[in-house]
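Structures incoming, each one as structure tokens.
Below are two complexes that have chain A in common, paired first with chain B and then with chain C.
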Partner chain A sequence: MTRAADSVESGLARYRGRVGDALHHYFPEREPRKHLYDLVRTYPARGGKGLRPALCMATAGAFGANPERVLASAAAIEMFHNGFLIHDDIEDGSDLRRGCATLHREHGLALAVNAGDAVFALALRPILDNLRLLGPALTHTIAREFEHLVLECVEGQAIELGWIRDNACALKPADYLHMCLKKTCWYTAIHPCRIGALIGSGGGFAPGRLDRFGFFLGAAFQIQDDLLNLKEERGNYGKELAGDIFEGKRTLMLIHLLSTLARRDRSWLKRFLAVPRAERTRGDVSRVLALMEEHGSIEFARRCSGFLAGAALSEFSRLFGGCPDTADRRFLNDLILYMIERDL
Partner chain B sequence: MTRAADSVESGLARYRGRVGDALHHYFPEREPRKHLYDLVRTYPARGGKGLRPALCMATAGAFGANPERVLASAAAIEMFHNGFLIHDDIEDGSDLRRGCATLHREHGLALAVNAGDAVFALALRPILDNLRLLGPALTHTIAREFEHLVLECVEGQAIELGWIRDNACALKPADYLHMCLKKTCWYTAIHPCRIGALIGSGGGFAPGRLDRFGFFLGAAFQIQDDLLNLKEERGNYGKELAGDIFEGKRTLMLIHLLSTLARRDRSWLKRFLAVPRAERTRGDVSRVLALMEEHGSIEFARRCSGFLAGAALSEFSRLFGGCPDTADRRFLNDLILYMIERDL
Partner chain C sequence: MDDRDVPDPAELASQATAFVKKAASVLEKEVAAGIAAAQSLQKRWVDVDEVRSRAPDEVMQRFRRDAHEVVDLLMDLVTVGVQSAESIASRAVEIANTETQPADPGASPPKGQKQNRKPA
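On to the complex of A and B.
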């Protein structure tokens, strides 16, 4: 493990420890358990890095906030993430999440859709509980930010699902980055940073100044996540191996490949993408993977991820250069490197 | 049409007219249209009585509020209702809604789940927009009420879906009323009344005083709705005919029937409920209906609905007896009678 990875892993564990109690507090211990609150707790109980609340808490800390002031908002972010995963798994038809069956495979579609709705509603509680520590103005601003975040997320999701539904085959990297900005970056990086800065500065810092940083960081993360999904030889990833190709997901690699292939292979790939997921074979998926290797699609995505991480580092210096050298600030710095190093 | 029905229909049209512009304002005119915002508008564009926003506006008016002050909250209630319908149709596996295909039948499961999430997020906007007219304290209270409402709703939904999943056959009317309180009454009547009273009284009226009224009214409404669902001879209901029996939905009629049948018919009915929805035949559904008629289950439910409406009337006199005789107050009064008269 590199120094950055080491530092980030221990930092993540530290932030997770702090936010864990808050999370526990906001998942109710009451009926109906079997068909609702047990489901709500399933994904959080399987673990998770806790990247998003960590980013929020570290940003708040770098801006000088007492950790207490940001805990509820960090918990809301992690809760929203877990609710989004439930619906995302349904929408993608995924079988595995964090090493076990997805919620809809385990409990059926109906209860899983409903459990996702419950998690979204539960996430409102910590946001409104901010009132006591942060006062009405900042609490209202954070609630507005949450509403904005969810809309970005569903818009990004609609774009990505629409591509699969329409079998879009003429996409460009810029289309991918636009979708990724909305679907991933906003809730993985931009929103956590904005909330952290708002709380850390007591509402004085214009949160839009963090959007570029969050976009670069989030996009580097998502591309890296998509690259990890392709690493078939690893058994411990906890999702389906190369599940993205089975799903027909428009990753940067697939978009690059579609624009690079000669006519014959391209026609074959378009036909592969046109059939329903269940009819795609393991052999076909391997062929797509081999074509991606052969035509440099994987290398292309890896380089993009690196460029984006570089851009994030540059934004970071500009934004946080004046902050004192604290553990929170160092965590943010190392996180950027870690984004493109993890598990590779 | 009776006098009450006539008055309620014209009242509903009047409130719909007022809330319509607000609704239009909160459904965005922007991309992605084809895979998101067109879907979000689908159910509202098909019409709907607008019962819930009317109840909210009438209650606020009866408490003396200027209609302007309640429009955003009434719009939020109608938006939540439309989002809930999208997910409810998915969870029930329904084919028809307001006379046309359900959203997931028209656009696929993935985009429909996502569109429902979008509607929930969009409903937060009017709630937060209350700040300008209502100030921070009341706005915060209304946001808390919204969070509470969604939780009641998903808990009720989990209970009802859990019954179908577990093939629960030993339920009592009290179980039904508890589920109905959470799934239907809270968002159809209790929440709209609470919000109306909070805004009408400027936060001075303890909203819990309306819970019994909302429960009686909402339960009378739901039982009547379930009775309408069974009226197979009507073609204009806009949902599947006797779809509830196909779904195995635990209505008051079915719960009564299960507790009334002799062993042989009861075993047959339990087997009917145990098979997947797709394997239930039209003939079997007709037999369930005939058994309900024969054993007085329909009459039982009709009488319960009447008792509940009577209890609602009694609560109404107690609560609104001191309010001036305005159009809003008369609408509420007539609405109670209409609940058990409509379309029968």
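On to the complex of A and C.
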């Protein structure tokens, strides 16, 4: 493990511990446990990376905030993320999440949808708790950040699901970037950093200055996550191997492949993408993977994620160059370095 | 790019550079669209605030004008409904006569002329 990877792992564990305590506080200890609150706790208990709240807390810390002031917002971000995961797994028809059965596979569709709704409702409490921590003006500003975060995410999800439903096969990298910005980057990186900076600066920092940094970082993260989906063994990754190909997800690799294939292979791939997920075979999925390797789609995506991480590092130096050398600032720096060095 | 060739490393680097530039451009467009939408929303808020901040007399005048407009709307509905019923039509005329003698004549628009109910 490289120094940056080591630093990121220990940093994530540190932030995750604090946010985990906060989540425990916001998940009710009351009935109905079996059919609701136990389900609400399921994904957080499986131990995700906690990247989003870590970004929020680290940015706030780099701007000089006391961690107590940002904890409620970081918890709300993680709660929204877990709510999105529950519904996202249903929408994608996924079988595995963090190494175990998805919530709807374990408890059925109806209870899983309801648990997702409950997580979103519970996430409002920490946002309201900011009134006591931050005062009305900053609480209002942060609440609007959350409003934008949620709307962008559902709009991005609609775009992606629409592509699968309509079997869109003429997409361009710019289409991917637009979808990725809306579905992933606002809620994974841009808003966590913006919220952290707003709290750290007491509302004095113009959060739009972090948009580029967050977008580059979030897009690099998403592309790397998609690459890992094709590569990692089930035990390490926690989802189905090549599950994105089974789902027909329009990743950067698939969009690149569709634009580079000769007519015969392209027609075959379009037919493969047109059939329902359940009818796709492992043999066909392996063929798509082989075509991606053969036509440089995986290498193209690997380069794009590396270049995006490099661009994020450049933005980071510009934005955080004047901040004191604290553990929070070093975590952000090492996170980007880790994404650049990562063996994908 | 040739359909069957794997791109060489230099070409891949060039494509990846273009991809990052495209990312910056996509973000700029999205943020600009977001700012425009936020300004539009802000304008609507300002309009409401403007109306609320007006002097009570002016607000009352507007209420009277709006009340007369409601009478006009009712008249239109009644007129449509009475085309084949003379008895109801005569009642509509009575209402119309009442409407032409408002409590505040200066606030009433000429008969048949609609006013915009949206705040100025």
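Here, the second predicted complex is superposed on the first by the 335 of 344 C-alpha atoms of A that agree within 3 Å, B and C clash if a C-alpha of one lies under 4 Å from a C-alpha of the other, contacts with A are read in each partner's own complex, and residues count from 1 in each chain.
Criterion: a contact is a pair of C-beta atoms (placed from the backbone, for glycine too) under 8 Å apart; a residue touches a chain by one contact, two chains touch by 3 or more.
All of these numbers come straight from a predicted model, not from anything done at the bench.
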Touching partner for A:101 - first (chain B), second (chain C), both, neither: neither
Touching partner for A:162 - first (chain B), second (chain C), both, neither: first
Chain B versus chain C as contact partner of A:208, first or second or both or neither: second
Chain C versus chain B, contacts on chain A by residue: B
Which superposed partner A:303 touches (first chain B, second chain C, both, neither): second
First (chain B), second (chain C), both or neither touched by A:128: first
First, second, both or neither for A:262, with chain B first and chain C second: second
Partner chain in contact with A:295 - chain B first, chain C second, else both or neither: second
Contacts on chain A seen with chain B and repeated with chain C across the two complexes: none
Contact footprint of chain C on chain A as seen in their complex: 148, 173-174, 177-178, 181-182, 208, 211-212, 215-216, 219, 260-262, 294-296, 299-300, 303-304, 306-308, 310-311
Chain A-touching residues of chain B, taken from the complex the two chains share: 31-32, 34-36, 87, 90-93, 107-111, 113-118, 120-122, 124-125, 128, 131, 136-137, 139-140, 143-144, 146-147, 150-151, 154-155, 157-159, 161-162, 164-165
Contacting residues of chain C [partner chain A, same complex]: 1, 3-4, 6-7, 12-13, 15-17, 19-20, 22-27, 30-31, 34
